[in-house]
Amino acid sequence: MSTPSAATTSRWRTLTHHHLFWPVAVLVALLLVNVPFTPDFFSIKMTDGHLYGSLVSIVLFGSPLILVAVGMTLVIATGGIDLSVGAVVAITGALTCSYISDQADQNALSGVFLAMGIGLVAAVVCGLWNGFLVARMGIQPIIATLIIMVAGRGVAQLITDGQIITINSEPYKLIGGGYWLTLPFSIFVVAVVVAVTVALTRRTALGLLVESVGGNAEASRLVGIRSRRIKIMVYVFCALCAGIAGLMISSNTSAADGNNAGLWIELDAILAVVIGGTSLLGGRFSIGGTVIGALVIQTLTTTIYTIGVPTQTNLVFKAAVVIVVCLLQSPKFRAKVFGAKFGPKSGAASGGSAATEPAKTVTTAEAAPKMEVS
Amino acid sequence: AKEDGGGTGGSSGGGGDKKITLGFSQVGSESGWRSANTDSIKSAAKEAGYNLKFSDAQQKQENQISAIRSYIAQKVDVIAFSPVVVTGWDAVLKEAKAAKIPVILTDRSVETKDESLFVTLVGSDFTDEGRRAAKILEKVLEKAGHKGKVKIAQLEGTTGAAPAIERAKGFKEVMDAEHKDDWKIVVSQTGDFTRAGGKQVMAAFLQSNPDIDVLFAHNDDMGIGAIQAIEAAGKKPGKDILIVTVDGVKDGFIAMSEGKINAIVECNPLLGPQLMEVVQTVKDGGTVDRWIKTKESDFMQDQAKDALPTRKY
Amino acid sequence: MSATTQTPTAPDSRTTPPSKLATLLGDRRLPVLVTATLFLAMYIAGLSRYQNYGFGEPQVFLNLFIDNGYLLVAAVGATFVILSGGIDLSVGSVIGFTTMFTAWLVERQGMPLPLAVLLALGVGAFGGFLMGYVIHNFEIQPFIVTLAGLFLFRGLCLVISKESISIGDSSVSSLAQTRVSLGLGELSIGAIAALVVIAVAFYVLHYTRFGRRVYAIGGNEQSAMLMGLPQGRTKIAVYTVSGFCSALAGLLFMLYIQSGDPLHAVGMELDAIAATVIGGTLLTGGSGYVIGTLFGVLVLGLIKSLIQFEGTLSSWWTKIATGVLLCAFILIQRAMTARKKT
Amino acid sequence: MAEPRPVLEMTGIVKEFPGVRALSGVDFRLFPGEIHALMGENGAGKSTLIKVLTGVYSLDGGTITLDGKSVRFASPLQAQQAGINTVYQEVNLCPNLSVAENIFIGREPTRFGRIQWKRMRKEAAELVDRLGLDIDVSAPLSAYPLAVQQLVAIVRSVSTGDGEGQGTKVLVLDEPTSSLDRDEVLELFRLMRRLKDDGVAILFVSHFLDQIYEICDRMTVLRNGTLVGEHMVSDLDQVGLIELMIGKELGKLEELHEHQLRADVGETLLHAEGLGRTGGIAPFDLEIKKGEVVGLAGLLGSGRTELARLLFGADQPDSGKVTVDGKQVPMNAPNDAIGAGVAFCSENRKAEGLVPDLTVRENIILALQAARGWTRPIPAAQRDELVAKYIKALDIRPANPEARVGQLSGGNQQKVLLARWLITQPRLLILDEPTRGIDIGAKAEIQKLVVSLSEDGMSVLYIAAELEEVLRLSHTIGVLRDRKLVARLTNGPEITTSKILETIASGEHQ
């Protein structure tokens, strides 16, 4: 079967079966939805020496979510979950801003760096605590991280005394709200963090070990993986990412809001991870998928604002999109609705091997249930 | 029982002495405004020498109800609370009434058929704030010399929260009655009462409706966030887009004094002293008005510099 | 230490011989006992500290049930789902929706209360059914499906009305104010209903085939399927039960506050999940008892109540204290169960 | 002669997985009252055929007829309701439930909808007893070793119980004997014969040819997903069968039998003194020399696995110490043992061995990588070369390092597990039933491998359910009984299986 049409269909199939195909497709669709409402949605112009446009603001406002979601991906890959990221965002922002606001010269670089250092150290401490509870004490992740989720926001408010701390520091403003080389500076931060994460997980063996711990904890113990250490590491990393996101969020508005900064960001982050194709049960993960997932969520938020959804239906709209995204990603759903063409991968396999009689493969309507080991 | 005063409530020794014990259930600590409100009440109680039982409901009505129940169990002298929502208080207030503990509302009222369930309300009126915002917008437009149609963007508070609903309602009331033809709210979206929300939503507004004339924000924080978004879009807040906000926190006044906000409708959180007066009167058996309004005013840009030093929160 | 492995039931316990004591106490019954003991200890600590403020009155204890009845019912639903190895995040939203929906039906549409109640229960159960259907048939992770449910039901609340609706119906207020005397104190209808739900749930989980199937698919879904258990049907049923319980909790909540409000019960799913887990149920499924959940709810209620009696905490200290108490509780619980195991 | 009508007939069965055609046009028939063996190498498609039959996998082509009616089951439940009871290859029970529940779940005795726990326990105890098992049925299943779990699965499948089940017509047993001892196997066979006399048709899969010849009447042979032939067992001898299975002439089995164990072994490598764990195994002393193969013999539940786990630090001993090369090794976690050069290949590949979502390559390099730490990944070229080498050496099929391990056939999974540890080149390799579920050819390959490893100086602790296997390979044989190491025999011409059995029975060295 080497007719040109067969070749294109098979290429199309390979494409549709790439694990990022559906998330990207949804992202593109969501972006396109905006066009009728905002005709120059894709246009980017120069304003005040930096680029300005919807796409730029999606990336700008989406940066913290991407960061948190990237950290969350690793935690989820080990079979855990981190509910405390929102609180860590708040604590980091609060500490950093309150330190900066105490400075005589808020623009002094050394002071800003020190402040950021303090904030990030606090984040790391939170991560260590979570890791300690999960890995050392063996407490279930949801509950272990719930503690900081509840108490952390209180700590943040304690630091800010319940007020919003406003600061006026140009260097600090750069991280989350400033521009560099005409682009939002946060893009660079995100790029660096994502690159470091990918390098850390795929250039070293960390990714494999994380996936192994998440895939089968007991087997991992028996091959001698120090899963405790790995778990502590991912919780620290996740908290660090949340900390950087906290810096960004507070820098974006030049203010630390102990109560509202990063409120419910954990849910969006988890959502992003799942849309990106990582299973909440642990095991295989995809950083690229997570980044796309976070962009999908941010685009969704922006879309809600731009297309004029009435406030009271915001959530219904969001629910609808989430359901559609998840259904599209479900091989079973695709098989049931679109038939075998978009269905589970078995379709692709049969198309590829010339020996099969196509008539018989069409009946593969149902995906084979995912077998464990057998 | 040992009681450490914690620097706020002052020390107390249970029910023995004659000090008035006031149980106060706060909504939460969701904003700077609310924290200022809490501080005001705590310090006023201390000054008045009351024994304050304070609890924070974390924005949950069920927490407030159980807090009030626990005040009843603790046999406090007076109960005061800022209701999270206006409905659903009858049962617990009846219990308080049965225990003969007078109840004072602060900040906002409750819906009830039985008026005897609470003594008085100390606080402002969100709907009125909306009306006042619309009124002051007239002045702002006049001052800016704006003629003709007015395209308004509205930044709402948390969807479903009373201040958001009522401020929008009051604003619309005046708009529909007096400016039906020339004013129009072209976009309206929630910014969750936060700066980050205000900034993000405004950025999106500016994309979809670049020709907005006026921004009405349900609180200062969203307004401040929006200002940043407007500046990022290369426009001048206060000039290209006229801004009216509600609350009057310090940062709002700073922005106003910089010319970025055109007018602020004050919503005063410092009702502690007023509340303590009422508590004393009620305890002494005196009569009070059903509604004691807080002292509030509206500020235009030119008053900002003078008012700024008086802002404590 | 085996503590780090996810399911202490499966791999490592193969080596412990089933001694008499172990079977009697049962590794899996121990957490419940510990939770109950710790709850008592906490209560006694509160008693000694706040005695002069009336903490010792039996009514304060009974208030725990009155003030947390709805949470108890919601947590029972969550327990079913968690036992089956799933999770339900829509609990809080369904509760909020139920209050709003019933209030709207009764107040705005003039529907008779009993009918509205039935309708609300039906909608809640149907919502759960739908989520279960999607989870099972399209193999989408429960966390996400129920998260969508969370958004959807909260959104529907707001679509019904942004403002709260108070319920003037006289039968509601009389029901809400009815108190059943127990001699030492009194319980509300809501609290009694919650206790009945617990009893029913216990019976269902331990004495019906459905209940055992819930445990089986929580233990290993794949195996349950191969053993010929109707695992799909069971899963859908579990989410339906949870939806129903949430709706029932919503009705109790409505009774508690006599109104519908679109922002009611935000985040209550976390309370329900926390209560379940504190009660000794494993989030990985297959292990736990509904009685544990009862104590889990009581512990959360007691923490709240202790903080209210303390009465000097500022807003943020309230949060911190809640977190610290929760943490202390979990750590002690963990230490006690771990020591018994080795 | 007029054949009776088959109770089950499958024709033209096709099943495809991505990239693999597991079954292409297989025909299979099963008659009432016969025991029918399904034979084939690892990955031939035996388990897949069974899963297609019982509705675990959907059918891509072909028809199934049960009792003359065309059927197609959507789930094992439906198959069960139609009278097909199955024991799948891996133990598929719920570890969190009690033994009694695992036997009865789905058809518990009820009265007015209320489960009768007492009655259930009593009946379960009787059933378990009939198989010669003496266990507490109210204990959770996870408290028992794999072999017991396997027996429980069998008990479940043969007890029709009351309720929905209409009585078994077909019993499917996919490698039920893979970790059973001789006694249990005999017990099982007795049971199978009884069922056969009742007219039940039994489909039996096993890689033990002796067992096939002992119990089966007829066999169907698969190779690479295709049908090679259906024969009466009496018409085909072992050699002929193996040739059918592997598709070529055979020589390697004989090779092994002639193989001579190297006589001399090196000095002491590992010495365990008074190592024990309460509730696990009584304190024991064990010495393993360099290049020595130590076999462990004992009955089911005698504590062989327990002993191995202690040596590896998978469980913490509460007494005794282990020295390697005269240096004491801390025994807190597997890491410590691995650091000292000990490797442990678990018998329970599903729960303790493989990470099903990872690829063959990743599973193979996992142990080596863990030993190197996360900061030092194995260079890609070296990694691929190593993996390719072991895939070839162990003949893992499909020979695709990118395949997900969860999708491999049972025997191939076992080989992956073996490769994982071989690649680390340990000094002491503990193999707990390494040939479980491995076909006859590959089994010989693996045994040859063990011999050659020992010749290269690697020490091996070898556990196998088959005594012959232990006997054939070991220099020394440790005999366990009632979770106690009771004897240590030096292999030689005078040591036979009956001698070992005798030792087990008497519990002391003679």
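Just so it is clear, A, B, C and D label the chains in written order, and each chain counts residues from 1 on its own.
The rule we apply is simple: a contact is a pair of C-beta atoms (placed from the backbone, for glycine too) under 8 Å apart; a residue touches a chain by one contact, two chains touch by 3 or more.
The shown structure was predicted, so the numbers you read here are calculated from the model rather than taken from an experiment.
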Chains touching both chain B and chain C, listed by label: A
Most distant chain from chain B, judged by the mean position of its C-alpha atoms: D
Chain centre separation in whole Å, for chain D relative to chain A (CA means): 42
Chain centre separation in whole Å, for chain D relative to chain B (CA means): 71
Where chain A and chain C are represented by their mean Cα positions, the distance between them in whole Å: 29
Separation of chain A from chain B, taking each centre as the mean of its C-alpha atoms, in whole Å: 35
Residues of chain C whose C-beta touches two or more other chains: 10-12, 158, 162, 222, 225, 314-316, 318-319
Shared interface positions of chain A, touching two or more other chains: 157, 162, 218, 221, 311-312, 314, 369-372
Residue list for chain B, restricted to those that touch at least two other chains: 28-29, 34-35, 38, 159-160
Interchain pairs in contact, sorted by label: A-B, A-C, A-D, B-C, C-D
Chain B contact footprint on chain C (complex, rising order): 49-55, 57, 59-60, 63, 66-67, 70, 157-158, 162-168, 173, 176-177, 253, 256-266, 304-305, 307-309, 311-316, 318-319
List of chain A residues in touch with chain D within their complex: 203-206, 208-209, 211-212, 215-216, 218-226, 230, 283-284, 345-346, 348-350, 352-353, 355-356, 360-361, 363-366, 368-374
Residues of chain B touching chain C in the complex: 1-6, 8-9, 14-15, 23, 26, 28-29, 34-35, 38, 42, 52-56, 58-63, 65-67, 69-70, 73-75, 85-91, 94, 111-113, 158-162, 165
Residue ranges of chain C in contact with chain A within the complex: 1-6, 10-12, 134, 137-141, 143-145, 147-152, 154-156, 158-159, 162, 222, 225, 270, 273-274, 277-278, 282-283, 314-324, 326-327, 330-331, 334, 338
Complex contacts: residues of chain A adjacent to chain C: 79, 83, 133, 135-140, 142-144, 146-148, 150-158, 162, 217-218, 221, 227-228, 231, 258, 267, 270-271, 274, 279-281, 311-320, 322-323, 326-327, 329-333, 336, 367, 369-372
